[in-house]
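Next come two complexes, and both contain chain A; in the first it sits with chain B, in the second with chain C.
Entry: the complex of A and B
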């Protein structure tokens, strides 16, 4: 057990190294560089000399191995660098944008799980009867709806019929919790319902499986109330896979909510990455992707370790 | 239902041998069959692009966001209305379907094929190869999928092929993980050991034994991937980073949906609804296919 944890944590080192290398080359395959864009901002005629000055200052004229070595050395010193465009440090950009992205992911997962668990249980309990059919149909339909399309429809329906649009503001969650919630609730519903569609099916199938287990039969045979059997005995075991799925989805959402961030004009990490890509802001792009990737890696490792710790049946090699 | 075990008695002599089992499978999985029918209808709809309507997909025929069943400047009938530039939505939907379908099929095909090979080789060789390959897979899985796709489309240009390669990369990591874990158990089984004892080469074991045995897993991964790729293409194109106009795709038809919603909701609703119907049908087929192919999952979900 201890050896396993040590081994997994040590494997993070080569993983992070590959991640840093890959992000570097991912940025370099982009055509063009930041210098042209920076000069074009000042005037319509591109001043070739000014372009060269910027390239020289940012080290874009150096050979690729030199640039790579510089990026790696910089990382080893714990420095994520500064944005090529605005001179703001990557760490600051992350702290400014992470809140929206994380809150959106958390809220979506909560909404999804809150819908999925009761519906999934109901569906399993009523197997084959009409509530089951209705729930399964709905989950199949919502599974097929692209969540960003659902987001557009929700936004436009509210704007058209209720003249309500989410607030736009700069404060953080702690300063303006209500506004932040209002701003995030629609995209969270859009993502949450797609997630609920998957999670309902999962809850239903694990619940059905659990209900067939011997210990449930024993509990029933002891004469426990049916509700108590479900809540005390079946539920904890049936919900475990859903929690795992939620944890995985949470990691996926940090990466995958870009389109919804864009539709709802949320200042999140995804939008920042898209902007950095289109401006060829290599330092910012590399920094943001590295931070997100590293977070996801650590998060997945934690899920694995928690599973190993909780489930005694998992045999370690 | 009474099933007769000996099929030779029930099958009329002239029917080809595969027809009866196929028909029986469809009868046993009505939802999958329904999905298949929907998919065939949509494919027919897409393939009739250029015949079904007399319009061109890139020609302005009416005012902005003309409503459904309205008439254009020259009195043409626009069944599903006009889009933000007054182009016929129905015709565009058909042409866009070609793009979206090609991407939806090719991206997971490429990605799952690559993932399958990587997964099997990684599991079979084990040791250092496995360790190194899995580290790269770790990184591929934890990288933001959209970033990867964005970088690749920008690097390769916004062609259909660029988008296909970009989206296939997102599939490689995950599918190779799944195939690897399946192949790991397979390579411990007696038949692989027997083949090795008989002196079969590594290549022969991989391609003749391990690959066919992981086909079921790969096929399920592929069907799941089709729906995901069509949705992902839509998202990418919606951001303006996928297939570029004037080539229509279901995703880029939605790009301006938000601005024009007040004038014509159909611009936003029709392409999105089409994507939803296609993905719905694919999911139905995929679920049935999984039941048929993967005995471990039979009867679940």
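Entry: the complex of A and C
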């Protein structure tokens, strides 16, 4: 296991190098640059000379290989760079936005899992009966609903019926846990519900598969209580695909639930990445993508380790 | 055993229900009940706002009234409390002179003062600010300002004439690597002289009596030299030090700016104490329109501001929210037009430009842009948008008037047939508002027999096409106040202006511009303006004017009070000093 972990950690280096290179060149496929983004307004370029001044200051007039070499050299020195627009360091942007993104992702996964696992089990155990039909219908409905639309509906419903909307000022979880929770709960429910729709169906199908296994039949034959059979024997095996799904969702959410972040004015990484892209803030974009790439790679490694802990049959090689 | 089995599942369900209830409780906890707002008189659906009054050339020597008299509100404001305003975006840079967009002044201008400022009630009359008096030199090429005594920066240091000199020298000659896109006009300053302890003279390159308006504009603020020259420059909120009515308190870039009142502010309110009335003022970014509507509906903010593009949802929200809020429309200065690339075919030909100009029916465009209620959401404009002193006459000019429209259309079609033009490609910003506007423009041309293909891209992508002159036509919608016809010409259409691909003007335009800039009699200025417009329509045609949205809108809680116009002038007034909240505010 130790060798495996070391090997995976070492693999991060070439992976991040490839990611950094791809991000650098793909960003520059986009037409325009930050100088045009800063000085253009609704169809006209306000100050032609300013475009050149900004390009010169940011080194955008240098040949692409020179810019690439500068970016790589900067990375080797452990410097992720600064936003071309605001002059704020990428590290500071990550620090300021990571909490929202992580909390949103965690809360969404928790809400989704809390809904999916019991409903999935219930659906499997009541197969063909009305609770199963109801759960499957609802999961189909929530699967079809775009989560941002659900988010808007939740917001409008609370505003209309309870005259309540989430707090508008961003505070850290440690400073104001209740307010932060209030800000995050609606988008988390919106994301979590969509996730739950998929995960419920997955839990149901894997549960049905597991319940037909010989070892379950054996457990029942031994006279174990049905609850014990399900919780001790069936659930740990049935829940593995859900964990995989949760892990993938979490990794996806690290990149930000852009639309929901925007609707609920959450300053998360998703909004930052989209803004950096539209403003052609290459330094910020490259830095954020690299940091997120590293997060996701480490997260995937952790998931592999969790698999081993949950299922002793899995061997890491 | 069976009983246990049955009870276990409801327990799971019960757990879920309990969790859901807990979430609901947490949502509710820590919140005060939204304060009931007294029902005010019903708010009417907004009327299309008239364009700003025509700008008259200022008298050569102004005799300004004292600030206090000029600012007398209709009633005394109430002091205290805090006000929160939700906007679509806030600042991206602490030194907002370095960026062109108007989001930053919305959040930062209240911390600064100008030499002079616009009267909020009309947006054009010049009032005293740091300068108590001013005079314009005989040749209309110099301005002398008398600066009031005892003005202090927020850090306690005295404002000096050196600060003013430093500010405008910086605008004239930005440090290496910096540019101030909205202060280009100030680059024509030739000399700044401190005359004595209170007077400073600013000279400009060419006679232009209207130049004084640059000192009143949102970007023409005065900085503290000792702060700006600190290491790192304007690198954070602690460097936002001005002499304005509010002192910056706490701020996060692109999120919010909170300011507290400046007890040493130099302009006095009618009650004998300094402005502002508010103790605290916050601007917070809520990028989504639904979030801004929800925030005002639930009392999270006192004012929600909406871009021109969000006018229709704002009107819809007003109708659904009811009587606790009202809507105010800030006259929206600027112009929407179609830029023609004269660096290549077909619009390098005056005939093609004239065909495009004549085929575009501005009244039809206005009709297409009208609200579902039937009200007009835009006004037709000429080449100078809302600063045009003759904007009210636009619906009656030959090529626009219903009576003569057929003749103009026939001439346009004949020109198009002669050149064999059947349509063109139009570069359009990808934001939905612009796409919708472009589709309407395309429809107007389709009615006239031209086919328009839309080439949609984001701002930076379009800017690249425009910079490389790789387009036929593009839609441009500058909202920014260009203070006068001459400024419009210089900054927008003439070579060196924003329309870098516009056709060069006939030489006579420069002569007429000189006449306009040198005119000290408003009658002469109007005559020159009329002549310029005639030449532009017949011999130049740099763009195809479309119109302009009547205004940006704000939903304002009824406990927010202001003197007429103070909340308006979306672009020109963000000092908020004469806005107050009454006792019904939850934040008082």
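We take it that the second predicted complex is superposed on the first by the 274 of 317 C-alpha atoms of A that agree within 3 Å, B and C clash if a C-alpha of one lies under 4 Å from a C-alpha of the other, contacts with A are read in each partner's own complex, and residues count from 1 in each chain.
We adopt the following convention: a contact is a pair of C-beta atoms (placed from the backbone, for glycine too) under 8 Å apart; a residue touches a chain by one contact, two chains touch by 3 or more.
Predicted, not measured: the structure shown is a model, and the values here were computed from it.
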item	value
First, second, both or neither for A:57, with chain B first and chain C second	second
Partner chain(s) touched by A:49 [first = chain B, second = chain C, both, neither]	second
Partner chain(s) touched by A:263 [first = chain B, second = chain C, both, neither]	both
Contacts of A:31 with chain B and chain C, given as first, second, both or neither	both
Partner chain(s) touched by A:292 [first = chain B, second = chain C, both, neither]	first
Which superposed partner A:152 touches (first chain B, second chain C, both, neither)	both
Residues of chain A touched, compared between chain B and chain C (which is higher)	C
First (chain B), second (chain C), both or neither touched by A:11	first
Touching both chain C and chain B, counted on chain A across the two superposed complexes	30-31, 152, 155-156, 159, 262-263
Touch list for chain A against partner chain B, complex	11, 14-15, 18-19, 22-23, 26-27, 29-31, 140-141, 143-146, 148-149, 152-153, 155-156, 159-160, 201, 204-205, 208-209, 251, 254-256, 258-259, 262-263, 270, 273-274, 277, 289, 292-294, 296-297, 300
Complex contact set, residues of chain B against chain A	135-136, 138-139, 141-148, 150-152, 154-155, 227, 231, 234-235, 238-239, 241, 254, 257-258, 261-262, 265, 268-269, 272, 275-280, 283-284, 300-301
Residues on chain C engaged by chain A in the complex (per definition of touch)	1, 4-5, 8-9, 12-13, 15-16, 19, 23, 26-31, 34, 84, 86, 92-93, 99-101, 177-179, 181-182, 184, 235, 252-256, 284-288, 290-291, 294-295, 297-301, 339, 427, 429, 434, 457-467, 474-480, 492, 498-500
Chain A - residues contacting chain C, complex	30-34, 36-51, 53-54, 56-57, 85-88, 96, 114-115, 118, 121-122, 125, 152, 155-156, 158-159, 162-165, 167-170, 178-179, 181-182, 185, 189, 225-227, 262-265, 267, 271, 275, 278-280
